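Heads up, the next two complexes both have chain A, just with different partners, chain B and then chain C.
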Partner chain A sequence: MTFEELLQIPPYSLGHEEKHALLTERLLGLTEHHLAHCPEYRRMLDSVGYDSGSISGYEDLPFLPVRLFKELSLRSVPQEDVVKTMTSSGTTGQAVSRIYLDRTTSANQQKTMVKIVSDFLGASRLPMIILDCPSVVKDRNMFSARGAGILGFSIFGARKIYALDDDMRLDVDGLRAFLEKFQGQDVLLFGFTFMVWQHFYKELVRLKEQGVTFDLSRGILIHGGGWKKLASEAVSPQEFHDRLRDVCGLDRIHDYYGMVEQTGCIYMQCECGHLHASVFSDVIMRRSLDFGVCGVGEPGIIQVVSTIPESYPGHSLLTEDEGVLLGEDDCPCGRKGKYFKINGRLKNAEIRGCSDTYAARFA
Partner chain B sequence: MTNEEKYLSIFKESFDVDEATARTLKYQDIPAWDSVGHMSLIAALEDAFDIMMDTDDIIDFSSFEKGKEILAKNYDIEF
Partner chain C sequence: MRQDLHDLTGVTYLVGSADIAAAMPAVPALPPFDGRILDFLNAAAKVLLADREAKAYPDVVTFAFWIRGASTKKLKERFCREEGHVRLGRGVAFHIAPSNVPVNYAYSLTAGLLTGNANIVRVPSKDFPQVGIIDRALQSVLDMPEYGEMKRRVCLVRYGRDKAVNDAFSAMADTRVIWGGDATIAEVRKSPLPPRGSEVTFADRFSLAVIDADGYLAREDKDHIAQDFYNDTYLTDQNACTSPRMVIWTGGKREEAKSEFWRRLHDLVRKKYTFQSIQGVNKLTSGYLAAVSREGIRVEPHEDNLLVRVHVPALDGGIMDLKDNSGYFFEYDCNDILELAPLCDDNRCQTISYLGDKDMLRPLLAAGVRGIDRIVPIGKTMDFDLIWDGYDLVSRLTRTVAVG
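Let's turn to the complex of A and B:
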């Protein structure tokens, strides 16, 4: 099955057996492709004695630690075919991942993202408020995770405004005018979790104290990027939701899980509060001791697989996040596939321990 | 201005190219037509023709020619 054919499948329509067969075929194919086109990848797989004949399902495929993309330049296409390089967020001085995209992979990322998000938003595009500043998409050749996310979601916006200026101040007048113009319509809001909290929610609270209020009861907020930065403020997802609703009436809120190394395959949070894997990708929770597959309810390190990456060998990655599988094919929202939650980032010591175990396994 | 002229001039202005280049242009042929340029192009076309395009059509809009085809077929714009 080609990727184009795969894209025609509704994102949450396949049960375990069908999805498993489909992903195994595609991911095996991608493994062969990267073996043939990325020498570093071949060396790594050679060193573990990879044998495609011993793979009975995609959970048997090797996975690369996500931080490898910070250390190595991994490409499966010639440099001249690279049309876009994406970088992970990282604090200054920290190494960042570099992900090289050719036309095909870049286009497939956008197409996949649209299929997934349309399942939640419908096909129509909405007035859109970007809860960030315009400068985040300024460097067009080097996209940060934030920039890439904003650009990717922009396709759902019919008319767009950036709610923050480049000094991260809320554009109160602009926001008011925008909401008045589209009064009575659904409005899409998009931003990174921390930015939403720090520069939007807190400002709304401050304005409310001065008697300035906004009605966002027709708003649909999609946010991602993780809770790590909010942990220090002890804000839980539930509190995030409750307090946004209290300050501006915003009640349709979807978190999503995703990473720059597998852009396109995002995991959207449904109405029941569960993150969902679409037919285009999957999560496998693994035990830190032996990388065995965890059962439902058992916390583990998250491995992500994606059917998209052709220009870089990132179709099977071990993240540095811990999560719990909550179930498969039976979420009350009706969507099929696995649903799960994120517990948070592994601690540095755990990651080191994990890499050691990993190295031992691959030695 | 005819629709053909309008369409052509939006391409020329959006990407700062001459007519001959515009007519054969494909997505990502030039740095200006990247994903950022793409969304600006779509916004300019939507304004000029007073339409709202579907997400699928925005994605399929992969060249000068393909774009005309999409506008003609799905938005009743005659060229």
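Let's turn to the complex of A and C:
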């Protein structure tokens, strides 16, 4: 099956068996493709004695740790075919992932994203409020995860405004005018979880104390990027939701899980609060001790597989996140496929030894 | 100009005080292995060995045995044979201990005391229980009237990475001892020493193990060997400078020896080692990075992530840059010991632990390699000695008075 054919399948329509067969075929094909076109990938798989004949399902395929994309330049296309290089938003001084996209992979990322998100927003485009500043997408040559996320979701917006200026201040007048113009309609809001909290929610609270309020009860918020920073402020997902609702009536809120290494295949949170795998990708929770596959309810390291990556060998990756599979094909929201939750980042190892660990200290 | 130690903020004196530290330049130096020092250390050993809490920490117990009179007497016999000239401590020794090894600072202090110096020791920033136990023992002996004279020779301090403090202690140091590896050395060297100040630095190192397969197979005590090797490696997350990162096999029945050796080690690791989730991801990453770097690298099939072995088909100088820890071993089949020369001709190469005949390693030394500072049996890599990292600490921490 080609990727175009795959795209015709509604994203949450396949049960376990069908999806398993489909993904196994596509991911085996991608493994062969990268073996043939990425010499580094071939060496890696040779080193572990990879044999396609012993693969009975995609859970048997090798997975690359995401960190490798920070250490190595991994491409399965000639440099001249690369149209975009995406980078992860690493903290200053830290290595960043570099993901090379050709025309096909880049286009497939966007098409996939449309299929997934449309399942939650409907087919028509909505007025869109981007909860970030315009400068984050200015440099088109080097896409940061934040910029890529905004551009990726922008295709769901008919008319767009950035709610923050480049000093991260809320544009109160602009926001008011925009909401008045689209009064009585659904409005899409998009931003990174921490930005939403820090520069939008907190500002709304401050304004409310001054008697300035906004009604976002027709808003649908999609946000992602992780809870690490908010966890340090002791804000739970539930509290995030409750307090946004209290301050501006926003009640349709979808977190999503995704990473720059597998852009396009995002995992959207449904109305029941569960993250969902679409037919284009999957998660496999693995035991840290032996990388065996975890059962339902058993926390493990999250492996992600994606049917998209052709220009770089990122179709099967081991993240450094821990998650729990909650079930498969039976979420009360009606969507098929696996649904899960994220527990957070794996802890850095505490290692003894004679050499002081500077890097860890300043990370 | 020397800064007044009393003005330094953020320095905690666990033993001693700013007054004591400030007065150290006036403390008379002693000859190495002076009887008063040996008595003092022996008294501290007694306190430690009687300490109920200390028994829970093998590293503390090992240290206590090392500073007992019987042990220091042997050291004295080994190191005090010279005739005709006089040795004395250099004066004030300033020690920077590594932050993530609990008892190393105590060994460094002991080396400073045995060589007749007054010592300021920066202890690990991490709050290891071992530090509290040892400090308590030292304090209790210092408080005994018969050892009151020792008080002016010991200051144990804790402070953050503060250049002003490094400046102050370095300015008064006749000798400076820096543990903690390349990054720490670079940091501390920003603080100048006086013109006559000397320095001993313990840089980033790597170590290897060489096992004669036939010799191993002939041994009856294979479980004991596994325990020894475990102590050399997993006990410090295989991240001490002395921990072997590569196992080199010589002899005939290598495959048989390997499977015996690793199976027994794995059994032990499963029982004793505290595994952290990220370590599995780290080892997977390291194996793939190694595979990309060189042709013919093979990650041996492994039943779990506790023990990962990576077969290296040929040795070159750069392979050790790809080392990892916590149970990640390069492995090499060796037909001629001189094949190790590219690895050992590197001044970062520290300890070779061996199982078999140590003379098999002599051709390497004869080849004039820049590395290899210690050759010890497997199980002995962590045994501290006054000859360490290629330095004779007794001579490095003393000066020689030529008497004609």
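Please note the rule applied: the second predicted complex is superposed on the first by the 349 of 363 C-alpha atoms of A that agree within 3 Å, B and C clash if a C-alpha of one lies under 4 Å from a C-alpha of the other, contacts with A are read in each partner's own complex, and residues count from 1 in each chain.
Throughout what follows, a residue touches a chain if its C-beta (ideal position, glycine included) is under 8 Å from a C-beta of that chain, and two chains touch if they have at least 3 such contacts.
These figures come from a predicted structure and were not determined experimentally.
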item: First (chain B), second (chain C), both or neither touched by A:Ser118; value: first
item: Partner chain(s) touched by A:Leu289 [first = chain B, second = chain C, both, neither]; value: second
item: Contacts of A:Gln110 with chain B and chain C, given as first, second, both or neither; value: first
item: Touched partner set for A:Leu68, first chain B, second chain C, both or neither; value: second
item: Touching partner for A:Asn348 - first (chain B), second (chain C), both, neither; value: second
item: Residue contacts on chain A - larger count, chain B or chain C; value: C
item: Contact footprint of chain C on chain A as seen in their complex; value: 40, 43-44, 46-49, 64-65, 67-68, 71-72, 288-291, 301, 318, 320, 322, 346-358
item: Residues of chain A that touch chain B when the two form their complex; value: 83-84, 103, 106-107, 110-111, 114, 118, 123-125, 137, 140-141, 151, 154-156, 158
item: Residues of chain C touching chain A in the complex; value: 98-101, 104, 179-184, 202, 204-205, 236-237, 239-243, 275-282, 284-285, 287-292, 295, 297-299, 301, 303-306, 310, 325-326
item: List of chain B residues in touch with chain A within their complex; value: 27-28, 31, 34-36, 39, 46, 52-56, 58-59
